[in-house]
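First subunit A sits with subunit B, and in the next complex the same chain sits with subunit C.
Showing the complex of A and B:
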């Protein structure tokens, strides 16, 4: 075993420069090519596009940061933009306040030592994550439908019919309704990540805590929770990135105008409408790219904050 | 033995395909978003054309409606688009023409059979060049369930007052949803609501042109009154109409649970499939109207890819699209899409015939946001969806709706800034 390793090492050490480069290209090349073509190039092309302005004759003229100024100061653009930004923050907070705590609780329950049907629960809770948003959107639209929805009949059966409202169609409730549907869909992801982290905690630590007199709950709060903080941090930053890139569920349920009165409009739907157009609105490549670039910057700032303010101060334990 | 047989068959098949592609020098393909109509094209329209022109093969290759514009643009830019292009009305097609993707069809002989209003959706702003053959329009009105009307002893309403009285009667009876229309998807509120009843208020083309030249404003009484009329519908719409989607509405009426359906004529074929006993009445004009107006909206045109490798055959096909023969086949195969040519057409579907009959009684107009007025930001059509849905939801006052539309239009449209 040791010989084989040394042999492999020697093979690389003894390699000529040319063949070493070939080896690097062989292993790294595919990833470099794929990321360059499908991630890095489109990102720069988008930023590049955002610096140009579409003329009425269809030509594109260099406009510097003019598009950003228009987006942030001209009320035609800034009102929808800040509305979408606010809604997006709200969308994110709902996920942080509902999805991640529930994910954590589910993971904690799954890791209880005497739980039966563990794998079944895990699969069932994770299932919606793997379904297409179109199916999710359609099913929930049916469940919540005031005409044929089961939620109305259910509330009526409980004598709580007065609580029912067309939640997806009211300005005051549309956004929170789609947010909660999204939470329902994605709660499996924090659950699985946290569950895996919990599994990695050695039994000895819990045994020691038990010997010291902690019950299951106390052991979770004082021993396990601090050990999974890095994972919770990771889950939060993933939630942030996914939420500010979100688009599909809202588009599937509420269309590109995300109404009523843009109450469910988030950055993704605003971008889609601007870039690809809607009904009579023609797509605007430059303003669409400007919005996409702003989305990128917002996500970048958020991730940077996480990296510099939280990640670096986090203590890691290795077992 | 069996193997050899199979091989021979395969070889023959390959040879025949090769032969077929050689023989199809006169082959044209049609780009379209009407994937719902694919069978009708394949079984009725194309065979009728080929009976006259056996040397030209036609293939209908539709794309899903939502993806059509983007997909077509990409194919035109990449040079892989078909020879015949189905044209969306107004700016989307105008842009294709200015970019040089659509050919001018001024020299097409069948073009003479179309009125200027019919051609308006596919003509340059200066009126000089037409680049698509007008194919079909859709008409707005109301479809009602005949059985429910008979049961409650109701007659087709002739005025807005009668319309509201009919709705009140159905509501009091309590068994059926009086007016089937939802605001979840927003477009129905604008298209089946505002654009359906509006022409009676703004006097059709006259009012539409005034908006374009800037002599009328969306805050004028005719527009505010249209919204005020819409605002009265709320109490008669189904329970939870704010979350009712377009398919919900179609099902509600299709299952016989709704009495009156705010319609576009394209819905006729949907309900025919569900055997609803249907009748139709046009948008009931408000008290004191002398004339009536209907929304007879140019919706589908058909043009030619400027870079078509088979332009001569494509022109033959387009010429045929302008013929009386096509008009008759199309109108009867797709009740609810009405040919725009001046040809005399008889439609066997009685409801479709009722719709098209209104052309003789009332003046036709197209939707007022479609020509020129939706070119800027904010987009007037999007704004109309938004405010119409809000007015129906009772979340916005009629004058506020007019004011929001006018403010948006004034931001970019010069004739409205005077």
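Showing the complex of A and C:
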């Protein structure tokens, strides 16, 4: 066994440049090809397209950063763009303020030593994440329907019928409703990630905290929580990337127009209408690419801020 | 007075009894070591004293105060864990000060106590470091420091040396012994290593299957084990055991027909089946002792200054004898083993010592 290993080492050391390159190509080639074709090329093609403008005769002319100027300053484009950006930020904040704290609380409860039916709870809470977005969207549309929705009857039965409103149909509530449905669907992901991190904390550490005079809750706040900050950071950045790339749930529930009156419009739906066209709006390759590039830049800036401002100061602990 | 008294302590997990009627007194300032094989309940007993495990029945007092229903922090104990259990996100200073901060100790007092502990344990240059920047031995000292600053009535150690390498283990063992002397502290210490138990303890408590088999001074346990379990557990290599039949006139007959004559204890009657026990270092290869057994040498383990001869008797039992220096004989040769009657242990059929 040891001899075979040494033999393999020598084979690489003694290899000619050509055959070493072949070896590299053999192992790395497939990944590089797939990544290039499906990720790197589309990214650069999008950026490239965003620099051109379609002429009435169908030709594309180089326009520099003109498309970006149009998008950010021409009110025909900038009003929907800033509306989508604002809505998307709102969408993200709701996830950060609702989804992740609930995920953390659920994880903390799942890791209680005396909890029974742990696996059942875990599976049930994670279930919506595994369902198709289209099914989720459709189910919730039925649940919330003012005509035959179960939520209305449910509230009526409790004597709280006056609280009911067509939440998906009002400008003031559509976005928050869709956001909360998304929270309900994905809360299992932060829960599982944080739960795994909590399991890695040794029991003796909590025993030590108990001897030091902390109760369960204090031990959670002062010992466990600081130790899972890296995981919470990871969950936050995943939430950020997913939220700014979101599209499917809104499209499934509100269509490409994300109504009423674009009140649930986010970057993904705006991009979809612009690039592929919708109803009377014609598809526009240049402006679509411009919006896609902006989405890429927003996510890039957000992730960079996280990496440089937060991640670098954070310590990972091994036990 | 920081005496620990445990009376009739019982604990079970569902139908499984892990501690059965434990009675134990740890005198003020004494060093008591709980030893036993894994699963014997020694760690559970320690954790019960700490208050980390609830007990089913029985009474525990620390310094005369009943602590059964007190949470760990109010029992005036401090515990050193096997994995040290230092808070990874705090530096050494805060690891030691954390408990005091929660007890709302005045800041100046915390500082004084931590600095004092750091001085005793030579941790002063390390106060600003995080646990992961420390070696195993340093982490161990921080864990002890965290215990010292609490000024507890009792220190509880849960196998504190088992994560250290062999050389460091011996050093730290000596450090703990010195610390005990200096602080005049009451210590309950759990280990499965009988060398630790023998070297550190004022009193050893041997546990097996949730029961205390025997408690006493280290050498008392070594020379007068109460029963077969203690006799076999204390001492390395382990005591030799041979079954024998008592005959008239104080004759002990081994199963292969060899006979030994000894002054038998009065409780020994002719016809009884007993187990004889003798330690390897009390046997000599050759020599002219009063008792003699013959057999064939299977193998000699040579350690340099001494060795262990494994001798197979005609009955098929193997007996281990310590030999000094480098014996000329080798495996396959027949050998005569002699030993001193003073060191013969006799146990009855129930495994209890006969005196």
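The rule is short, and it goes like this: the second predicted complex is superposed on the first by the 299 of 319 C-alpha atoms of A that agree within 3 Å, B and C clash if a C-alpha of one lies under 4 Å from a C-alpha of the other, contacts with A are read in each partner's own complex, and residues count from 1 in each chain.
Going forward, a contact is a pair of C-beta atoms (placed from the backbone, for glycine too) under 8 Å apart; a residue touches a chain by one contact, two chains touch by 3 or more.
Just so it is clear, the model here is predicted, and its values are computed rather than measured.
Chemist: Following the overlay on subunit A, give me a clash-or-fit verdict for subunit B and subunit C.
Modeler: Here the two partners, once superposed via subunit A, fit next to each other without clashing.
Chemist: Once chain A of both complexes is superposed, is A:102 in touch with subunit B (first), subunit C (second), both, or neither?
Modeler: In the superposition, A:102 touches no partner, neither subunit B nor subunit C.
Chemist: Could you say whether A:234 touches subunit B, subunit C, both of them, or neither, answering first, second, both or neither?
Modeler: neither
Chemist: Give one of first, second, both or neither to describe whether A:310 is in contact with subunit B, with subunit C, with both, or with none.
Modeler: After superposing on A, A:310 lies clear of both subunit B and subunit C.
Chemist: Is A:143 touching anything from subunit B or subunit C once the two structures are fitted on A? First, second, both or neither.
Modeler: neither
Chemist: Is A:261 in contact with subunit B, with subunit C, with both, or with neither (first, second, both, neither)?
Modeler: Only subunit B is touched by A:261; subunit C is not.
Chemist: Using C-alpha centres only, what angle sits at subunit A with arms pointing to subunit B and subunit C? Round to the nearest 10 degrees.
Modeler: 150
Chemist: Thinking of the overlay built on chain A, is A:202 touched by subunit B (first), by subunit C (second), by both, or by neither?
Modeler: In the superposition, A:202 touches subunit C alone.
Chemist: After superposition on the shared chain, which partner residues are touched by A:212: those of subunit B (first), subunit C (second), both, or neither?
Modeler: A:212 contacts subunit C only, not subunit B.
Chemist: How far apart, in whole Å, are the nearest Cα atoms of subunit B and subunit C in the superposition?
Modeler: 51
Chemist: Which positions of subunit A touch subunit B when the two form their complex?
Modeler: Per the stated touch rule, the residues are 57-58, 76-77, 141, 144-148, 152, 165-171, 254-255, 257, 259-262, 273, 276-284, 287.
Chemist: If you look only at subunit A, which of its residues touch subunit C in the complex?
Modeler: Per the touch definition, subunit A meets subunit C at residues 202, 204-205, 207-214, 218, 223, 226-227, 315, 317-319.
Chemist: Of all residues in subunit B, which touch subunit A in the complex?
Modeler: These residues of subunit B touch subunit A: 69-70, 90-92, 95, 98-99, 182-187, 238-245, 248, 251-252, 369-370, 374-375, 377-382, 385-386, 389-390, 393, 395-396, 408, 411-412.
Chemist: Which residues of subunit C touch subunit A in the complex?
Modeler: These residues of subunit C touch subunit A: 47, 50, 52, 71-73, 77-79, 81-83, 85-89, 98-99, 102-103, 130, 132, 146.
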